[in-house]
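One chain, chain A, appears in both complexes that follow, with chain B as partner in the first and chain C in the second.
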Partner chain A sequence: MSESIMSDDYCDTLCELFNIGMGRAAASLSEMIDEEVLLSVPSLEAVSYRDAMEKLHEQSPDPIDVVEQYFDGDFSGSAFLFFGDQSSLELVRRILGESYASTQLGELEQEALKEVSNIILNACFGCIAEVLDCEIESGVPVLLRGNVGDILDIERMHIGKEPLVLTLSMSFSLPDNLIQGQVSLLMTSESIRKLIRELEQYTMLYT
Partner chain B sequence: MSSAMSVLVVDDSRLTRMIITKIISEHFTDWNISHAENAATALQLVKSKKFDFISLDHNMPDQTGFEILGELIESQPDAKIGVFTANVQKALRKRFEEQGAKFYGKPVTEDMILEFIQQEA
Partner chain C sequence: MNNCTAVLSEVVFNNTHCGLLVVDADFNVISANQWFLSAASLEIEKIERQSIFELFSFAKPQGLKRCIHDACRFGLSSIMSNSLHPKLFPLYSRFAKNGDVMDQLCTIKSIKHEGTRLCLLQIQDVTDSSTRERFLSATTETLTMFSLAVQHSPSSVVITDAKGVIEYVNPKFTEISGYLSSEAKGQSYFKLFSGNDEGVFQRNVWQLLECGQEWVGERCLKRQSGDKYWAKEHIYPILSNECIVTHFVAMQDDITQFKNITRKVSYQATHDDLTGLLNRQAFENILRDTVDRIGDNEQHVLCFLDIDQFKIVNDTCGHVAGDELLRQLAVMFSGLFVNGETLARLGGDEFAVVLYGHSLATAKVICENLIERVADFRFRWEENVFGQGISVGMTEVTSHTTSSIEAIKQADSACYAAKDAGRNRVHIYQDAEDILVQRQGDTYWATRINEALENNRLVLYAQPIVPLQSDRKSSYEILVRMLVSDGGIIPPGLFLPAGERFNLSHRIDKWVIDATIDWMNKNTNEIGHIDHISINLSGISLGNEALLSHIISVIESSSIEPGKLAFEITETAAIANLTHANHFISTLREYGCKFALDDFGSGLSSFAYLKHLKVDMLKIDGMFVKDMLNDPIDEAMVRSINDVGHVIGMETIAEFVEDDAICQRLKEIGVDYGQGYGLGKPVPIDQILVDSVAIA
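So, the complex of A and B:
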């Protein structure tokens, strides 16, 4: 699947940039919760919107918590941080303290979750922009809860009829394995082409 | 550094292997550089060949860099080991440094590689 949109080499390069971004984010997160954050080995897929939706529906058939952050600049699109079952609440509990025992996301919890997502997504944007020497500006994070289909509705996002999806599967967890997340980027076809050109130029420096 | 040295680059990212190889090759044209794209290959290589320097990633698909560090040290007691990882958390850095490995955060730069090689040489 990935070959048709982005070559394995460019996927590898982009994956490594996300890996660095997630590593930096994990270091910040680790400081916040005073605990080591475990990172899985990342994998990246560049797929059509339809394929991405099918896969995400399989992974998350029930309503989920997602933080969306729009980004613009040399590339534009929407970034999503998906949290696994109960992961969002657990993450907030770790940040706010062990005694915190809320069972739903109130205003304070939502703010904490958005801030964590802001750190994670901006670490990824920052790393891509730094290494590829381009500019990416991010918007304000928005917390959404619902089915995957409603959250990734292209009409809502005004992202063109055939957006492409870069899905970075990299989970971050704590030693007791209660928190898991995944990053996905929806980008217009034009932005993906620009990104591929940048990756091509960057990779040529080392071949 | 006069004599040709032998380097093992262990990283599951092809990009990072390319970057490290290019930097070393440009500065030390006669050095011999081997690659391992995962922990298993690295462990095989250190049993069959002597290395002066080993650059080691941490997050890899089969085993982490830290999990194989002891075996690398045991097989190559004279090799200088530098960890180049995106996982820049203090706890991990401390664990590697306690084992005597140098720790560097990605992205890999020329300065980092030269510091690792020249400081350790």
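So, the complex of A and C:
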């Protein structure tokens, strides 16, 4: 059982915030590809790094495509967008309108996947930054392929000993596809504490 | 920042090999580097402090606005890829030949300058990599397609290096050969199928392949399991641009099943279903080859074999029995011809064999031996046992033989002659003249018969059938003669066979019947002392429905007693047309007419079908009668036919009673009647009235 770090109320609040962001991201994507795209975050949880890793290993035992964007500023950490199995390939091909059968992402496809992920992740960041009135500086998106363990390596990310993980399950639906993905925000423990404090203020002010 | 660094920064800014554009939160241009300005063909003075959305037109400006906003407001970075935003800015490369807008990858970053967040757009020219990427994807797509085509090919595909060592096998190869990809890779393609045996075949194929040529053929190969299979194989080299062999491709199709079917079909096409012997077509082909290739000193003999009693078995016991008889005889023939002779069933009860390297004389010995073997053979079907005989026609096949068709004609006509001569014998085809005379004779007589029928030149003769026991009445057999213009009389032996061959028998029969009944009608009062008058019917008449109705109407319109009228049919004719014969017999017997089975015993058939023929009298073949005093077997035959006849309730008549001694013996045996020169010669019919008066 993963230990809850944030109360259900805060989780719900955050979930709502992310859904606002997703609405914007979906609008951007729809405009870009001239098709209706729906994005939603049905659930969210905050767990310890260890619990999160366990779960991710279980979900994706094979190498996967992940888009990473680090962030810094009032909050710091790294955001990851995961696509299971062939979902990334499917998503990009659907967006680019391609049909051929290679199992590898080409360079153009990688760029497109990064951009789509960038739009989603920026929407999340933007939303938090806006609502909580803070700044989140982010890096450019990077595409990684490998095992969950290698990608979410704490050493590589310089994120401190006990980072916490905010996991957003996400569904990405196109007119005839439903693609499941997941956003994981790895934050330093002080960042999450700060986030909780900000949420307290926000809740006091707006709810 | 000191001055030196500021100058350096500006130098770097303007010498960076990508476009740099700085805008503020209101999208106004703050700065642009040299690269961007020259690619856009603009000068900084003309764009400073102006909104990029006024300077440039964007297909979908919202995305860029959002990115700039995110950067200036929150510090977020974004990218805008070439695939989703093709040709974002109207930038042209100096190197572009065709004046196309360059492909761009735009990275949007937040920068802080003097406490204000600005947005830095970094634009890279990705025309080359995009082009390469597009080319690569197109190539990959094509290669993927080819690779899938090989992967899913219904043929086995193997790719080897220039030395024949396997580098790739497709799944079909594994399916056909049984070798997994991992087992096959690294092995020599040829050795995989033929072990280490470097056969001539392999060397030849290898030589061909090394010269850059391909090889196509069919081979019997071994699967991993050791099973054999037939493969249609196609091996071809792949040549480099320098015409050096780099690889070989070996394709295989498993044609084992196809081969089996072909073999089966070809067997069926050349063999007789029933007996498994060659069929007519195959036989004719072989014979044609034999005739075509025959050497000057070579000599073969073609024999036609015809089963004499086949029809009897078929008609009395049914087709199943007939088929079984043919099968058994085929087995016997196959057992006798084991030295490479070509044996075939031509159809029906006809068989043929080519005896290679034989003269007519030696072939005759072989065939006579065959006839003996067949004579010893007994065919059993349910409770019936049939003796068998064959008629054999032989002809020579030499370099003088003009064609296989000619040889077949000759053997066929010789076989016909053998049957004509009394069956169960060999007849050697006689060259041209004899047959020609015979044929001319036939035509001659056919014309004469027609003339005689039209001009009433046939006359009736009668021969007495004399009672041997007690005081029964005599009867007469009607015989026919032909009158010729010079007043001569022609015996029936000369013209009746021609009549039969030219299908005139039933007309002769009709004439005889009409004339006889007419005669009886005229002499009703004078024939009281005669038991009956007997008329011969040919086999063909038995199936003639019109003749039957004619006889009935003639009998009905005349005043004669039908009981005074008898018909004789030969055993062979009756059996050959058993169904018709029975119908004919039973119809006329209802009117009271009598029937006699003529020449009984000559057909070598069994007594079995006597049960099927409802006749009143049995005429014992004269062959047995004439020598019965000297030949105990003949006597036994007469005795047994007589006994059997009596048991079935038939009266018996012996033919060919030539003298008193025979007559005496027949009386002793108990034969009812006798007929022959010893008892009375045939005389013109009117004379029997006189004779009878004399006898009376």
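Heads up, the rule we're going with is that the second predicted complex is superposed on the first by the 190 of 207 C-alpha atoms of A that agree within 3 Å, B and C clash if a C-alpha of one lies under 4 Å from a C-alpha of the other, contacts with A are read in each partner's own complex, and residues count from 1 in each chain.
Keep this in mind: a contact is a pair of C-beta atoms (placed from the backbone, for glycine too) under 8 Å apart; a residue touches a chain by one contact, two chains touch by 3 or more.
All values reported here derive from a predicted model rather than from experimental measurement.
In the superposition on chain A, A:186 makes contact with neither chain B nor chain C. Once the two complexes are overlaid on the shared chain, A:195 sits clear of chain B and of chain C alike.
Using the contact criterion defined above for the overlaid structures, shared-chain residue A:131 touches chain B, although it does not reach chain C.
By the touch criterion defined above, A:9 reaches chain B but does not reach chain C.
In the superposed pair of complexes, A:22 makes contact with chain B only, with no contact to chain C. When the shared chain is aligned, no partner comes close enough to touch A:166: not chain B, not chain C. Overlap of the chain B and chain C interfaces on chain A: residues 130.
Contact residues of chain B toward chain A in the complex are 12-16, 18-19, 22, 59-61, 85-92, 105-107. Those residues of chain A that touch chain C in the shared complex are 28, 31-33, 69, 73, 95-96, 100-102, 106-109, 111-112, 114-116, 118-119, 122, 125-126, 129-130, 135-141. Partner chain A is touched in their complex by these residues of chain C: 60, 62-63, 66-67, 70, 73-85, 105, 107, 109-110, 129-130, 133-134, 136-137, 140-141, 144, 148. Chain A makes touch with chain B in their complex at residues 9, 12-13, 15-17, 19-24, 26-27, 30, 36-37, 39-42, 127, 130-131, 203, 206-207.
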